[in-house]
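Multiple structures follow.
Common to both upcoming complexes is chain A, partnered first by chain B, then by chain C.
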Partner chain A sequence: MEKSPENKANKRREFIRSTARLTLAIGIGGVSGLALSKSTKEEWVWQIDPFECTQCGRCAEECVLTPSAVKCVHAFDLCGYCDLCGGYFKPGVIDLHTGAENQLCPTAAIKRDFIEEPFFEYTIDEDLCIGCGKCVKGCSAFGNGSLHLQIRHDLCLNCNQCTIARLCPSDAITRAPASKPYNFKGDFTKS
Partner chain B sequence: MKKIFIYIIVVVLGLLILVIILGDFMSGEIKDKANNPYAYEFDEFKAVDPSMIKFKEARRIGLNIEGPKAIDVKNDLIAIAYKDHLQVIDSSGLERINMPIKGPLTAVSFSPEGALYLACQNYVLVLSPEGKTIDRWEDFGEKTLITAIAFKDTVTFLADAGNRQVIRLNTKGEILDSFDGTGRLDGNYGFILPSPYFDLEVDPDNQLWVVNSGLLKVENYTDDGAVRAFWGKPSFEIEGFTGCCNPAHIAIMEDGSFVTSEKGLTRIKVYKPSGELDCVVAAPDDFEGDSEPADIAVDENGKIYVLDITSGKIRIFERNII
Partner chain C sequence: MKNNRIAIITFFSGLLISVVSFAQQRFPRPDFESDYLVPSPLAPEPRWASMEILDVVILLIVLVLTSWLAIKKRSRRGILYLSVFALIYFGFYRNGCICSIGGIQNVTLTLFNPAYAISLTALLFFVLPLIFALFMGRVFCASACPLGAIQELVILKPISIPSPVRKVLGLIPYLYLGLSILYAATNTDFIICRYDPFIGIFRMDASFEMLILGGSFLLLGMFVARPYCRFLCPYGVLLNWMSSFSKWHLSITPSECVDCKLCAHSCPVDAINKPVIEPVSNRKDINKFILSILILPVLVLIGGYIGSKSHIYLSRANTTVSLAELMITQPELKNDPDHIDVQTFLASGKTMETLLEEAAVIRSQFYYGGWILGGFLGLAFGLIFMGKTIYRNRKDYEPDKGNCVSCGRCMDYCPVGKPDFDEIMKQIK
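Here is the complex of A and B:
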């Protein structure tokens, strides 16, 4: 049977229509899928595992921000509220007073307040803290490790490749789900 | 000619990118950089005057189970509590008992009769010298964390770090009473335990000594919890204790001298019965890096058994003979 020119034209139109419909369907489906995946996909942020951190000092120096987005945080529920605090006082201090010569923190970012005999509370001034981890080392060695470092997400730029994560000698900085952005001690424990 | 010029530019750019990538990788070597301008330095306090060291390490016994926690010694037998095992060996290293226990084990003690008392966080297992279960004492409460056991006549003392108290039990494991270290005196703070290091011992004169580690003191109590005496002073120097919670462990020798083990500055020392420093057994440099505080025990001959948790060894120290 011979194909008429009219039939040929009809088939071409039908083909173009079908292709257009298919393209539209794929486009709408794709955009919807992308939107759906964006709305349900977990966001990730950088965070420090305080049990892996060795307080090497790089958090203070290698973050793209100055001062660093890494800050010391205090797990008050773990703290012993010690008079002789290893995170506050320099090793070997004679009198336990708050004179600058006695303080371990290079920027005096830890505040010591008397609570009641024989307890003292230690709070971090995050504007002064540079994330060097010196107090964390002292607290871990001589205390119970209630001071620890965390990346503050109100400051962190969440770089695609975190500089300090790359240079961390103990690989303590990894991606954490944005829904659980902090690894606070006390809430966060490892056996 | 134009094409050759383009090829040269592409090759140069490629090389440049390669150099940048390699440089980026190489800079990872900064991981090994030792210099830390914010390093916490306390090495000067690790040094010990050699004339102060009056013990020498006579032997080491390697342990074949991971996670040693506590040690006790009696009549040539060494009991080691692991996280979920009990092992008893003799002084030659021959294994007498090796049994799994539903842990975590937190303390082990030989009774004066040679029975084994095991603290499993909040209950106590009583085993015969052969390792047969004789009794199980429970109901000390969920928050209880038993860190030491000691005996005086018919009374057993438990150090409960979870509730910051000493519990007195009769021979059946029934609670007689408990005390919190305030010594019934106004102004006394009671037991302060920033971390779970809470040891107690009964000395050869049947006196109960409890470590109030948050106050860096060793305190003597009457049976019913009245404080009678104490010793210990805060100091980074060799004479004192430092940090939040020291001494972490104590043992008492036949002559009433105290052997102490510390955390932070990991060191073992001997104090006279009066609390005056006698000598050093092991200096911080005798332990690896940031070692956990070693549990200690003493035998009838004055040998000191140090459970080096970090290296997984029992280290036996003997006094130098002059």
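Here is the complex of A and C:
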């Protein structure tokens, strides 16, 4: 019984199978070992570098979410609290009133509040903001650049490959460690 | 009023000149006389801040449970319930990210890009299903993969696909795997994630084209079971290798096969091998086998050559390369104010030379990548051909371990050990 050809063939097959299994196991072990030696405990999230951003408007269109997870964020400590705000008003407005025809924001997501003469506070209503960056462009061009775009992580699905990152013409969207998920202007200076 | 207007115009035109440089504090921060406090921007926590560990634990539990259900408990129903759970949790609740299939790209990017390091969670998601496949078969496909689960649930009337067609279509996953690794290694794109047909359904938000794609996969999946798993999934290739040599695997019959043929048509993915008795040693087959070994290096070389020849075409998916190409072939775009990529490049102050240099580096990576990709495809093709020349005597109906997704349908068809076994056998006879 022991030396029957069938038994021999079975033994040979079992040997080939275990060798192959060992090889594959070493393969997985090798690849994952190499990856493990570099891996981090930290998760990654996507974030915009506001100093690289050119406000091209793709954030509003390319995000897998509609509306986009990119929102305008206001770094208040950079703001000049101007009456004539380049981010709030369309260029060349005649009267500084808050009528829709005067507002740069297509969804009227910026709220303008009087603080004291001559200062006004501008806050973003993120439920309305679509991340188009029109106000950011205006604020960077005419003001202090305190308005800037950031990916909001309460909304972001954290796709493995961010669609906007791939299409961003200035490569401003990169992976950031989850412990430091925002690049706010103001408390963040370019090195 | 007029004065005001002139003031505004001069103000704006003056500022326009200094637009190029980012003047951080054009207007000084005001000293408020009232007790106004300057607020700071809100920083909402990442949505899934602490859930990643939970995901790995759930994946592990699902894999262990499926292995137990498939191999020990032999419960198709249990596997089905688990796959519904995976579809709801990993698919609809966690929105399909992160997944093991896409993990291929994260691992590749880690190995090739010094700037990226994979997170431990993503690595575990990639490795765990492979280890389980090496020991238990493709239990991941059975009930942990949301993409598999959604296709599993729409199977209505699966038709059997002839073996040659299956073999040819089965080469597509190899191509997809090779391409996804090439594009991830060159930091070009994650194509697996980008063309995932079901993620739009999981997120209930997708572009029209992707919804059509996902919908047609589901429609097709009613009659051709698991079309994505069998003829596209790049991770399936790896799982297939592992599972082919798995230590344990789901078996159709709990003990001895009685050759009743009841299970023969139960498998929706054509992964049941019928019994074959081949002549012990056939000179013609041995010759074919030797031939297949001899042409293997030739196929690898031919594949590599074709791959390297197509590197220019392949590299166009890279945004740097495509921008460089655009700038050369269509220089008039420099005057097109609406072309965002070109205008951003011009405004960035980067010189044309730097761009071309970068593009040339990426293109040469694609040249070598093309050789490896083509060689890999040639090898896969050759090995599949070689497999056709090897016969093995098989007495019973057995699952094809590489292609079996451990869904467990066949187990329900097997009469062995069922209470009405004698009755069934009488009817068959």
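The rule is simple: the second predicted complex is superposed on the first by the 150 of 191 C-alpha atoms of A that agree within 3 Å, B and C clash if a C-alpha of one lies under 4 Å from a C-alpha of the other, contacts with A are read in each partner's own complex, and residues count from 1 in each chain.
Just so it is clear, a contact is a pair of C-beta atoms (placed from the backbone, for glycine too) under 8 Å apart; a residue touches a chain by one contact, two chains touch by 3 or more.
In this text the structure is predicted, and so the values were computed from the model without any measurement.
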Quick one: chain B and chain C on chain A, clash or fit? clash
Which touches a greater number of chain A residues, chain B or chain C? C
Pick one for A:67: touches chain B only (first), chain C only (second), both, or neither. neither
Considering only touches as defined above, state whether A:91 meets chain B (first), chain C (second), both or neither. both
Determine, under the contact definition given at the top, whether A:21 touches first (chain B), second (chain C), both, or neither. second
Using the superposition on chain A described above, determine whether A:178 touches chain B (first), chain C (second), both, or neither. second
So, A:142: does it touch chain B (first), chain C (second), both, or neither? both
Quick check for you: in the superposed arrangement, does A:56 touch first (chain B), second (chain C), both or neither? both
Which holds for A:169: it touches chain B only (first), chain C only (second), both, or neither? both
Quick one: from 258-266, 294-302 or 312-320, give me the piece of chain B that collides with chain C in the overlay. 258-266
If you lay the two complexes on top of each other, which residues of chain A touch chain B in one and chain C in the other? 56-58, 79-82, 84, 86, 91-93, 140-144, 166-167, 169
In the complex formed with chain C, which residues of chain A make contact? 13, 17, 20-21, 24-25, 28, 31-32, 34-36, 38-45, 51, 54, 56-58, 64-66, 73-82, 84, 86, 91-94, 115-116, 119, 121, 123, 140-145, 150, 152-161, 163, 166-167, 169-170, 175, 178, 181-182, 184, 187
If we count contacts the way the header does, which residues on chain C are in touch with chain A in the complex? 1, 5, 8-9, 11-12, 15-16, 19, 22-30, 32-34, 36, 38-41, 43-49, 52, 95, 97-98, 102, 105-107, 110-111, 116-121, 123, 126-127, 130-131, 134, 189-190, 193-194, 203, 205-206, 241-242, 244-247, 319, 340-341, 343-345, 347-348, 392
Chain B - residues contacting chain A, complex: 27-28, 30-32, 36-42, 44-45, 187, 189, 192-195, 214-216, 234, 236, 242-245, 263-264, 290
Interfacial residue positions of chain A with respect to chain B in the complex: 55-58, 60-61, 79-82, 84-86, 91-93, 104, 106, 117-118, 132-134, 137-138, 140-144, 166-169
